[in-house]
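Both complexes below contain subunit A, partnered by subunit B and then by subunit C.
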Partner chain A sequence: MNELFPLKQVMGFVVSLVLTVVALLVYFLDMTFARGIAILLITAFLQAGLQLVVFMHAGETEDKGAIYTNIYYGLIIALVTIFGTLLCMIWGYE
Partner chain B sequence: MKIDHTVPLEYSTEENRIKIVGFWIFLGAEIMLFATLFASYFTLVERTGSGPAGSDIFDITPVLIETIVLLTSSFTIGLGIHAMRIGKLMAMLSFFAVTLALGAGFLGVEIYEFLHYIHVGAGLQTSAFTAILLTTLGTHGAHVTFGLFWGIMIVWQIKKRGLTPENANKSFIFSLYWHFLDVVWIFIFSFIYLKGMM
Partner chain C sequence: MDYFDRFAVPHPSFGIYASMVAIALTVIGIIVGITYYKKWGYLWREWLTTVDHKRIGIMYLISALLMLFRGGVDAILMRAQLAVPENTLLDAQHYNEIFTTHGIVMIIFMAMPFIMAFMNVVVPLQIGARDVAFPRLNALSFWLFFMGAMLLNISFVIGGSPDAGWSSYFPLASNEFSESVGTNYYMFALQISGLGTLMTGINFITTILKMRAPGMTLMKMPMFTWSALVTNIIIVFAFPVLTVALLMGSMDRLFATNFFTTSNGGMDMLWANLFWVWGHPEVYILVLPAFGIYSEVISTFARRNLYGYKSMVASMVIISLLSFLVWTHHFFTMGQGALTNSIFSITTMAIAVPTGIKIFNWLFTLWRGKIVFTVPMLYSLGFIPIFTIGGVTGVMLGLSAADYQYHNTMFLVAHFHLVIIPGVVFAMLAGLTYYWPKMFGFMLNERIGKWAFWFISISTCVAFFPMFLSGLDGQARRMYTYSEATGFGFWNMVSFIGAMGLAVGFALIVYNVYYSARYASREIGSDPWDARSLEWATHNPVPAYNFAIVPHVASTEAFWDSKKKGHVLFPGDYAKIHMPNNSGVPFVMSSIFFVWGFSFVFGMWIPVILTTIGIFACMAHRSWEEDHGHYLSVEEIERTEEQLRGA
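Take a look at the complex of A and B:
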């Protein structure tokens, strides 16, 4: 491999394209809503993880702990915001 | 200024290291910003009023072009940072230029897409759905636009001054920002477009 194209990043790019194609199956194949959303959740979070680890070098220095703690914190707040909003505004509860 | 040569240039001073951690904290806040937009989008997606629904206006072709272009630009800026770390200045600047060109291409397609939406009667004030759709896409697009100018300034500065610990740090932080925009786009692609067209 040419020194300008490290294998790790080339593979990361190939995997991200494959994940995009898998996500597209939701559009091209006829499937139930639940199955489609499950596929999208898996491909989207795998893609995001790939970007963080392969391309953003999140874990390469001694600040790894602080960086991951911050990302997980942001992620938890994001999920609580989204699902909390859905619970209040759409789903409701008895 | 104490320069540590055992780590890549962008980390080589105490200040540089702290700036990178600081930018990660900013990205954490950006995750929450986009979460509020997604929460609003999922709440309002059915509120189409007398306007069109997502499945009426979404078109797979521009969306696919935008996705491939942005994924590729995320790859090329990664290569740019790699080239910077092995000291290949010209290769680094070339990869940055390709990244910015792809970013401009993405914006071009997105502007076309927005004009198309307005043309088919899905403007900002048509319904709750179109309002939150255009706000969410627009917030991402505004980030890309800002990134484009930011990137141009960094390339300009490196051409003028060569690679220093300061602008290596700026370049790395810019690459974090650019990858983050790609992450946000993946969620827009999956949970706005593909979910809407499913």
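Take a look at the complex of A and C:
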């Protein structure tokens, strides 16, 4: 039974539902902008990671290395672009 | 009649009317010519529907050369206008349109297809593959690029050219300050050809990662293939930024959104920011394949293996990462504080380190080599000193405090031309001469080629060195005229003479193609340069399937080993080969894209809707189409091989 039951997938599904509910709370509860955005960002990244690993099988084939390198490279460039833009346009702007 | 007024050029002149007539005559001439010689079927079967990477490469090459001449004529016009003070050859509006077009054409529609041409022709051959991973997608890439280029090129006779600079900064590029449809052309032409480029990126990463010959590990790939891999990775990560920026810009212009406006919460500087987040990696997208070509040429003609293979690869990977960290150096004077500017100054300095490593590796490859001074080698050797001058002045510009002095002057113009011309154009001309026999089966004449090289390299210096001086004296870029009292006249006249020299050099290249096509020997074998990598291991002309037997590789220079060390390159027997079918859908779909872009430019919504449906119909057709390709039988391969060996 243990071998047949897709525990990982079911848990993944439950967790993704929980993350969705938490994200929805931002809309239904009254909270500050900063707190709301923080919750949305964190749940969004967790959700994306979960989907990639559990349901899109990112780490299960032999080209796992290429897939993760690609994701990390993309993440680094996205973060650099966003924080660099904030630095130029807002924080460092005089 | 009001409806058709929008297609009129807002700022006509004799030159533009003459161009209209010339374009009409050329189109009629081409149609009549093709019909007279009954070549429509040939054109459709062999070129418009082809999915063969070699033919697509040749089409990229022809487009790039055509655009080189278009951009070159623009350059000559600009230099002629500035040659003497208070010249009236061009007025301000025309000058704006011409320098904008010159920039876009040279970067997006000349340099890009040139590198795509070499990637297409060379990469599958170098890794021992039969074609790219997605041949049909490759054809779509080319046709999207081509239609994007054509869309931009008709702008100066229908509706007016873009005139806000190739970087098209807002708010200048907004409806308020650029009233003609020119900037719409910019947005949609770049968008369409950018889609093609992004597809090429995905296609070539897959090809290089998945389709290498047995035994060719990543660290045994030839250097040009490595540079293509790194370039395509940069493309995939950089181009989406351009796509989004262009989309936002188009929406600002067509649907009155406020992304880049100065009011209603918009931020005009965000355009400059996003443009250069793409624009700086774009510089490396252009220059890395050029470095790859230099690596091939230098090791072939120094008769040595490339010095420092691992450090070459490492420096390219580091460049690919650093290229995303420096974009703010394009607008140091926009108002960021000293801290921000210093951060980006330091990352800019850092990128000179891996580039320096590459230069030293080439020098060490040359050291104790038996150097053969062929035309491709001359370009590679000329590249090193001229590029270094361009690079050193780049470091000067990268010092953010000093940049306040150089910013927006001719000093900057001199710098980037002295980087791009030796860095990219010389490499493309080297590659053109080097791979010409592979593509067309005969060699270009060496003597005329050397004349062209000397004309081009000396004229490059004559044309651009004076700009350093007039720039430091305060001549601003993009200024359509100046007074005699400024004293810029002398330097600009020298520049104009250099520009004429460049024109002579390129005319010599055209003459060389004509002369060699007529007189050069066709009996050149498959390895005329005594080269080292796999693209020279197959026949000349290359059969459709590239290699009858998939090559087996044990080092970075498998072909050299097979010539000198008895390595067996093609073990085994012929087997049937699976080949992709030709398809006209990429051409049709891209043509629809052309009409789609044109309709958007003029805000004609009914054609926009119809063509959008057409585009989706093409994609749906592809999704439900059953196309399993076809097989070449062993007998057919034997027959082809026999024929090619006999030749």
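Please note the rule applied: the second predicted complex is superposed on the first by the 81 of 94 C-alpha atoms of A that agree within 3 Å, B and C clash if a C-alpha of one lies under 4 Å from a C-alpha of the other, contacts with A are read in each partner's own complex, and residues count from 1 in each chain.
FYI, a contact is a pair of C-beta atoms (placed from the backbone, for glycine too) under 8 Å apart; a residue touches a chain by one contact, two chains touch by 3 or more.
These numbers were taken from a predicted model, which means no experiment stands behind them.
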- Answer with first, second, both or neither: which of subunit B and subunit C does A:Val21 touch in the superposed model? neither
- Message: By the touch definition at the top of the document, which applies to A:Met11: first (subunit B), second (subunit C), both, or neither?
- Response: neither
- Would you mind checking which one, subunit B or subunit C, touches more residues on subunit A? B
- Query: If you stack the two complexes on chain A, which partner ends up touching A:Ile77: first (subunit B), second (subunit C), both, or neither?
  - Reply: both
- Query: With the two structures laid over each other on chain A, which partner does A:Met56 touch: subunit B (first), subunit C (second), both, or neither?
  - Reply: first
- Message: A:Ala38 in the overlay: touching subunit B, subunit C, both, or neither? Say first, second, both or neither.
- Response: neither
- Message: Just checking: does A:Met89 make contact with subunit B only, subunit C only, both, or neither of them? Give me first, second, both or neither.
- Response: both
- Of all the subunit A residues, which ones make contact with subunit B and with subunit C? 66, 73-74, 77, 81, 84-85, 89
- Note on the structure: In their shared complex, subunit B is touched by residues of subunit A numbered 3-6, 9, 12-13, 16-17, 20, 23-24, 26-27, 31, 33, 36-37, 40-41, 43-44, 47-48, 51-52, 54-56, 58, 61, 63, 66-67, 70-71, 73-75, 77-79, 81-82, 84-86, 89-90
- Message: Touching residues of subunit C toward subunit A in the complex: what are they?
- Response: 209, 233, 237, 241, 267, 269-270, 273-274, 277, 321, 324-325, 327-328, 334-337, 339-340, 343
- Message: With touch defined as at the start, can you tell me which subunit A residues reach subunit C in the complex?
- Response: 66, 73-74, 76-77, 80-81, 84-85, 87-89, 91-94
- Query: Residues of subunit B touching subunit A in their complex?
  - Reply: 7, 11, 17, 20-21, 24-25, 27-32, 34-36, 38-40, 42-43, 60, 64, 67-68, 71-72, 74-75, 78-79, 82-83, 86, 88, 91, 175-176, 179-180, 182-183, 186-187, 189-191, 194-195, 197-198
